[in-house]
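Below you'll find the structures, each written out as structure tokens.
One chain, chain A, appears in both complexes that follow, with chain B as partner in the first and chain C in the second.
What follows is the complex of A and B.
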């Protein structure tokens, strides 16, 4: 009898295992989707707030059925905020076209004394015309920030009306039921835009 | 032939003048017109035998420039680090070394812009150092 070379046997074994794994995925509904960030499955409360846009009050519940990405920053921020806004604009571009109107990118000012709703609108639109910029009374902003564990603090003045605001720089993703589903920290936003776009698409598909 | 002459000329002039700090791949970040600030990024190269300190700068398009650092404060929360902007007296370019100015890191902040930034338009800046002559550069406004 002709001997089958060892390499061929190994190859056949690998193919057989691959086929079994592939079939098993079909039977069990496939591997769970891997998000770029650990999903926050334990947070079931529905977030809500009302802040001011250039054209009047905006509530989180206005976006029910959509995925909302919140970013807390300020327009005088020279370095971190624009970097993150450009990353979010990149994520928005990478979304399938039909998803874009259903993923709301919202920037909330942590410097409401200098950022009016009109300033926030202009700033957000400069990164993507679909982006939403919100500001509000300092107490309202503080309450919203608290909901999302965002910390921010003014630095000492370096000149008249010149100060910085140190702040958490992360993107908070709410699913279509206004539940906090994912948080992308500074590093993830900078390196994983394609994966983040996939995550947002997945959240829309899943509906929660 | 012309090329050879030019090369020789370039080599001669390089040898004649003492080595100085240089800015490579410099750019200024475009920001929406509502923002009064921006920043200079790029790589400062110091070919000299001593460290050089970037202490400031000047430009006709803004009121003042200041070296700044971005400091990460890890919070241990899922939100990740808090990024803090810190004004410093100087940013140091080591002897025979480089200093990278980049978004999220060290930069020369440009404050009090007098005009809106236009993508692609060059901006003239003069960087001031301790340990080196001032350096005048023309860098593009880039949206990235």
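What follows is the complex of A and C.
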């Protein structure tokens, strides 16, 4: 029998130990990351739309490689929107600094008749100068809302420009490939901000 | 010649930097109001009253501040912690589940003091205040900040001090 050189044996032993350690990490490396909201892993469709910002058209694909948080609301909203926008601003502040420019917070008007792109920009910036406000033709807004199953309806109308709009208040998180990954409701955004900031960071790290 | 040009350039850059630093260190109440408050309460403090959406700050803020120390604390609390509950201002009821968010994580004590002093000095608020002394200091904001109130609690305090 031919003797195997000692060096080769040692090398094989080191490789074997490395393989065992690597596999053990996979087996015993703790549970997978827990999101604050149930991840929508089955949704593989890439969302897309083009709406109007104060400085021209903006498409969702402009943010490819970034995580996007979409919120549908309106600037005459007396209750949910200002508080939810504030919570999104608070989450944005909790992100590691290097993540902030890669997590795009986008508010889309469900009241395009009163909210111009400039009005939306000013409103979004009131909460965080990095936030993006979008409006557009009523039909374009309707098509975008439909993509995310967002509903909205005028109510309590007292004049042509005097009304409230009832609307879905969730925030929709798209991963770096524009796939809907997470949905947060109003209460979670108020109470789970540190966890939500971690989720967004995790989505950026995972890259999908 | 080139030396003098460089000297002028250097002093211009210095001046620009000094102005930028000064602008950063003293938050201007009017600028803060325009950036953070006017989108709802409007540039002229008139709010949106039809349908009752955002209560006006014109007059009301002066009246509340004139109610004394408690009134000024309530104003600071609203800005810091927000307010949640039905309000009646100028005989108009704001009862559509109104909720204003608190700005405590976005604005500093100095900024909130500067912002409130701007509102107290604007529109008909000085008239409503009459002779009452009503400037707000950053120290007062810091004292209120330490209370960590909820928007519902602020509402209860507000109800006690509104005339």
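Assume the second predicted complex is superposed on the first by the 176 of 208 C-alpha atoms of A that agree within 3 Å, B and C clash if a C-alpha of one lies under 4 Å from a C-alpha of the other, contacts with A are read in each partner's own complex, and residues count from 1 in each chain.
By our rule, contacts are C-beta pairs under 8 Å (C-beta built on N, C-alpha and C of every residue); 3 or more make two chains touch, one makes a residue touch a chain.
Note that the structure is predicted; figures quoted are calculated from it, not measured.
**Q** So if we stack both complexes on chain A, do chain B and chain C clash, or do they fit?
**A** In the superposition, chain B runs into chain C.
**Q** Examine A:174 and indicate which partner it touches, taking first as chain B and second as chain C; both and neither are also allowed.
**A** After superposing on A, A:174 lies clear of both chain B and chain C.
**Q** Answer with first, second, both or neither: which of chain B and chain C does A:123 touch in the superposed model?
**A** Touch status of A:123: both partners.
**Q** Is A:144 contacted by the first partner chain B, the second partner chain C, both or neither?
**A** neither
**Q** Per the contact definition in the header, classify A:76: touching chain B only (first), chain C only (second), both, or neither.
**A** A:76: touches chain B and chain C.
**Q** If we overlay the two complexes on their shared chain A, which of chain B and chain C does A:158 touch? Say first, second, both or neither.
**A** After superposing on A, A:158 lies in contact with both chain B and chain C.
**Q** Between chain B and chain C, which one contacts more residues of chain A in the superposed model?
**A** Residues of chain A touched, chain B against chain C: more for B.
**Q** A:90 contacts which: chain B (first), chain C (second), both, neither?
**A** After superposing on A, A:90 lies in contact with chain C but is clear of chain B.
**Q** Of the residues on chain A, which ones does chain B touch that chain C also touches?
**A** After superposing on chain A, chain A residues 75-76, 78-80, 82-83, 86, 119, 122-123, 125-127, 158-159, 162, 164 contact both chain B and chain C.
**Q** Could you please specify the touching residues of chain A with respect to chain B in the complex?
**A** Going through chain A, the ones touching chain B are 37-38, 40, 75-80, 82-83, 86, 119, 122-123, 125-127, 148-151, 155, 158-159, 162, 164, 166-170, 172, 183, 185-188, 190.
**Q** Taking the touch rule as given, give the residues of chain C at its contact with chain A in the complex, in rising order.
**A** On the chain C side, the touching residues are 35-37, 39-40, 48, 50-51, 53-54, 82, 94, 96-103, 105-106.
**Q** Note which residues of chain B are touching chain A in the complex, please.
**A** Per the touch definition, chain B meets chain A at residues 29, 31-39, 66, 68, 70, 72-73, 75, 77-85, 87, 103-104, 107, 109-111, 143-144.
**Q** Which chain A residues qualify as touching chain C in the complex?
**A** By the definition above, chain A touches chain C via 75-76, 78-80, 82-83, 85-87, 89-90, 93, 119, 122-123, 125-128, 156, 158-159, 162-164.
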